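Paired with chain B in one complex and with chain C in the other, chain A is shared by the two complexes that follow.
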Partner chain A sequence: MTAPTDPTRLTAPTAPTARTRRTGAITRRRARTAAWSLLALALLVLLTGVALGTGQVSISAWDALRALFGQGEPGNVLVVQQFRAPRVVSALIAGAGLAMAGSMLQRLFRNPLAAPDTIGITGGASFGAVLMLATGASQQLIPLAAVGGGLLAAMLLGGFAWRSKMAVTRLVLVGLAVQQGLAAAVNLMIVRFPAELASSAMQWTTGSLYGRNWTEVWIGGTAIALTAAALLLCQRRVAVLDLGDDSAGGLGLNPARDRLWLLLLTITLASLAAALTGPVAFVALAVPHLVRLLAGPPTLGTLGLTALTGAVLLLSADLLVLHVIPVHGLPVGAVTATLGAPWLLVLMIRQGRLPQRSS
Partner chain B sequence: MTSTTDVNRLAAHSLGLRYGDRTILEGLDLELPGGAVTAIVGPNACGKSTLLRGLVRLLDPAAGTVTLDGADIHRMPARTLAKRMGLLPQQPVTPEAVTVEALVRLGRYPHQRMLSPWSKADQAAVEEALTRTGTAELRDRQVDRLSGGQRQRVWIALALAQETDLLLLDEPTTFLDLRHQLDVLDLVADLHAEAGRTVVMVLHDLGQAARYADHLVVLKDGRLAAAGPPTEVLTAELVESVFGVPCRVVPDPETGTPLVVPRARTRAAAAAPASASATAPASAAASASVPA
Partner chain C sequence: MGALVLCAALSLALGSRSVPLATVVDALTGAAHGGDADVVTGLRVPRTLIGLAVGAALGVAGAVAQGVTRNPLASPITLGINAGASLAVVAAIYTLDLSRPAEYVWFAFAGAAVAAVAAYAMSRRGGDLDPVRLALGGTVLTVVLTSWTSALMLASHRTLDEARFWLAGSIAGRHLDTLTPVLPFLVLGLVAAFAISPALNALALGDETAQSLGVPVARIRVVGGLAVVLLAGSAVAVSGPVAFIGLAAPHLVRPLLGNDHRWLLPGCLITGPLLLLAADVLGRLVVRPSEIEVGIVTAFLGAPLLAVLARKVAK
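Moving on to the complex of A and B:
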């Protein structure tokens, strides 16, 4: 070329530098993610032990964990395996699923306020579940109905908001309307239920973990694990989509199609989690932000940390409900919602202040 | 100037491109030389960015085809195409808090399989891309905290890590000051000269296009106005008919390439050509007659 070359500018050297430093930012962030994950895992095991051991029959955390795997006193094994474990395991699975779903939604919509409970997905899932309950169908069908309801909510949201290009604030406003509308429908159905069904249906109004059983845990847990695994396998794709549709297209993706599939997987995950607990608020919204503060921007590793943190958070909230707050029968969703409301406000205020990044 | 080659030839055949109902380009026949630097120029809204989007398959043709070395790009698997062509979009999205190296690594996406671990070849390509763009020392910095010029070089590094024969850039200099515009264009020239990349870029500045490109494509209102080497294409008549700007074309004192010098026009002549005679005398010496 004939262009004059600025001598101060780096002309392309022939070979990459020989010494590649392995303590770069990527490595440091990975180490930090791993450290936090280990901590979260330790906390998760500890809290699981405590949760399994606490109740009318007190068992030490260690004995409770052993009893979970059938070791130790038969009495403890019975109490832990039959009465306490389904609830604890439900909290862990649902917390992990909700947090992962929240993180994915925030990335796919590029909206820090997106979460299954701010855009109507958990409301839809509850609606589907309650509808199924009203028909008197078998319990195994509830997760399926929840996924159907979640997809229905997503279609409503899409219908209302998609044409307006999903503006950041509008998405959440429309989503909250969808969530409230579906919650109203759930309430309406429940007040018309016969008395014996009404109590079990209460879970679907605020989110609660009472009366979980192993059948629900196995079905829900397997489906959640499969969906989460599929999402984890797609993480490179998600990272490329983060660069915007043009860059993603240039790197060989079909952005519209890939985004839709990932969205469907995410909605399925959130709905399955909601099928276990009802529309528990806050976990999905808050955990991704917390993880970002602790470990940096989202990667495959931080998604794992997000799942662990979600599990720990929901289990902690349930421990509070069961053993600390002296109100009998308080649903866990009430606690998470109490924590969630101010958090949502803080996020909205912060977002109002932040200038929108264009490039 | 390097001689053009028989590979990496992008071509459009009776290409029509549309956004919804709005036709942007129609009946475009075009062959871009392989192994060369091509600049696409034209007035605002002439469809130059749209053409680039059509050439990299971001936009499906409403009519006609786009071929790469004779093969229809819309019949190629997306990944195969992404290994041949890299793109720097006009406004890529920088993920929050992502580091330079992490961003550039994403350029390896078309070369990776779902479960394949990060390979030595991947790292080598990233190192090469960082070094060539002079961003190696920025690798641990957050991209959203870099200056515009640095950020643009990082995005070019991402496209380089993709290891494609062709590199397409959509207005790579638009938001940069002069110094950084030249940095980016020099970098592109180096990539062509030293790394053998075939470059296609949309540019705004005719002088820069003439300096840095071997081949010019001039568009007007969605149609091809002219194509060829800058010295042949860039004439005063063409610039006036395409941009509506009377001008002289003189050799660039630095490079000898064509340089477009717009004719001076008085404010009165520009604002109200009919009454130009009243105020013209003072500047008549400087400006030749300005056709209304």
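Moving on to the complex of A and C:
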């Protein structure tokens, strides 16, 4: 970050120097974003290799990579392709999707605490999925129901907050209410279910990666990629909205309408990610803060970095669950919550010392 | 007050087996015997008394929490009290094979106290509590504790089966021996809350103003926090986590009695049980002859209330 109190800039604001300084600052920030992105990418590849190679049967990273493409021993190919790869890939895309959705929500709501967990989206996804479990439908339909639940939550949110022209404080509070109400519905079903159904509902609502298959990964992955691409295309619009509603209106946008569309896209992204892994806590909330700390205010580049960081975070949390913590059947959501919370708290306290952003 | 009496009467009379009010009165005075009277004295009287105590504790705890943090959305839940109690109870069921709500009481109380102390510790700054940090810290703490609770419940089927009913929050099937151990704490909490109610008025003007009026701000915060822990801890120990009563009661009382805490607290003392009993009766009537746990009913009713509050706060 450049020091805004630079004396030369204050005393002699001649146009060319100021301009070069600004572009210099932007270039430096871009370089930093690129460097962190490369590091995250390297970590991602490394962790993927580790995740594919370790387990009941140890396979060297190179063999695992070859097995992924159908080369090498048939046994290895089976283990890697059928069991490990779907899990790893779902961790990666869900982590990326959740992190991107969190980052977008924090910008649209202008609130550092906005996330799919806090505004009811993952609550809606849980509700849809648990309802589907209750009706006894096939496992294939559960992700679909989760997306439907997420959109239902979004509709409730929009319905309550629409009249206030999507004012930010109102949206956040209404989101909290939606989350609580849907959580109550899920709770009711868990209490009424027979024990084994209650267990799988509980598993789902905590967020876990057990038993993913390729069909789910392909469908979820394609949908997430499409939504994420649409969001990336809208970045210019988001940047204008960042200036505040009045300025955005002056620049020819319709803030209420645009925010609604962007929210809809973001919510779809979050529900799709939640449909794949369940509502894994704190990824969506914590990753955008981490990225802001590393690479500065959000731009197109940092959004990519956010996605990468989310993927790395969720995959490493899953590796912890599988290989480090000796508890059988631990949901990955418990680990992300435990790791994410203290750290988020430190960030919040630091942010609390800075002057508040206008909302 | 009249509404509360009515609600208590309904709570005694209605249920999967409805009893006429005349029989209820007879049963209470000892004039009637037989099935209906046994239902009233044996099951519904303890249930209603527990409902009154829990509701009063939650209502006053909510008012004090909102006063101390100067945050209209604060409630015992924001301090992580419910989550702490839940984790402690689930852990106790997991390790010690408990199966009766009366045995959970001390664990719930201890869990609530530890969670609240942790939330306070996170929000201390220069010997004083920072309300914003308290709210944030409590929320984060709640998420973490909840995730641990689910992890524990997933680790053992038996725990899940035992705990999920307690976790929903209910005053059904409790005997008075569930209430008696926490009663001293509850009373102590009420006394503390009422003792600081004039000071809470000064606190509402802002820390500096309160200080210059001669109110020891930091000490009032600590006492208020203690009162919230005692009250909400006792409530959760008896009934399991019941949401929204603490949040809703002060907001319902304020339009009627104003912002003066000396009136607000007694108002909450009446409104809290009123809400709890009304929700409990409703839960018994919706799916007769079965019933819905009171905690779930309050959560359902509380969500729209929060949405309405959002309109007020956002203005």
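Basically, the second predicted complex is superposed on the first by the 267 of 359 C-alpha atoms of A that agree within 3 Å, B and C clash if a C-alpha of one lies under 4 Å from a C-alpha of the other, contacts with A are read in each partner's own complex, and residues count from 1 in each chain.
The criterion applied here is as follows: a residue touches a chain if its C-beta (ideal position, glycine included) is under 8 Å from a C-beta of that chain, and two chains touch if they have at least 3 such contacts.
Because the structure is a prediction, the values reported are computed rather than measured.
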| item | value |
| --- | --- |
| Contacts of A:334 with chain B and chain C, given as first, second, both or neither | second |
| Contacts of A:203 with chain B and chain C, given as first, second, both or neither | second |
| Touching partner for A:191 - first (chain B), second (chain C), both, neither | second |
| Partner chain(s) touched by A:296 [first = chain B, second = chain C, both, neither] | first |
| First (chain B), second (chain C), both or neither touched by A:177 | second |
| Chain B/chain C common contact set on chain A | none |
| Chain C residues touching chain A - in the complex, by the definition given at the top | 73, 122, 130, 132-133, 136-137, 140-141, 143-144, 146-148, 150-151, 153-155, 157, 160-161, 164-165, 167-168, 243-244, 292-293, 295-296, 299-300, 302-307, 309-311, 313-314 |
| Residues of chain B defined as touching chain A within the complex | 1, 37, 53, 56-58, 78-79, 81-83, 85-87, 89-99, 101-103, 105-107, 109-110, 112, 114-115, 123-124, 127-128, 130-132, 134, 136, 139-141, 144, 151, 158-159, 162, 168, 175, 182-183, 185-187, 189-195, 211-212, 254-257 |
| In the complex, chain A residues that touch chain B | 1-6, 9-13, 15-17, 20, 24-26, 29, 110, 233, 236, 239-240, 242-247, 249-254, 292, 296-297, 299, 357-359 |
| List of chain A residues in touch with chain C within their complex | 113, 117, 160, 164, 167, 169-170, 173-174, 176-178, 180-181, 183-185, 187-188, 190-191, 195-196, 198-199, 202-203, 205-206, 281-282, 327-331, 333-334, 337-338, 341, 344-345, 348-349, 352 |
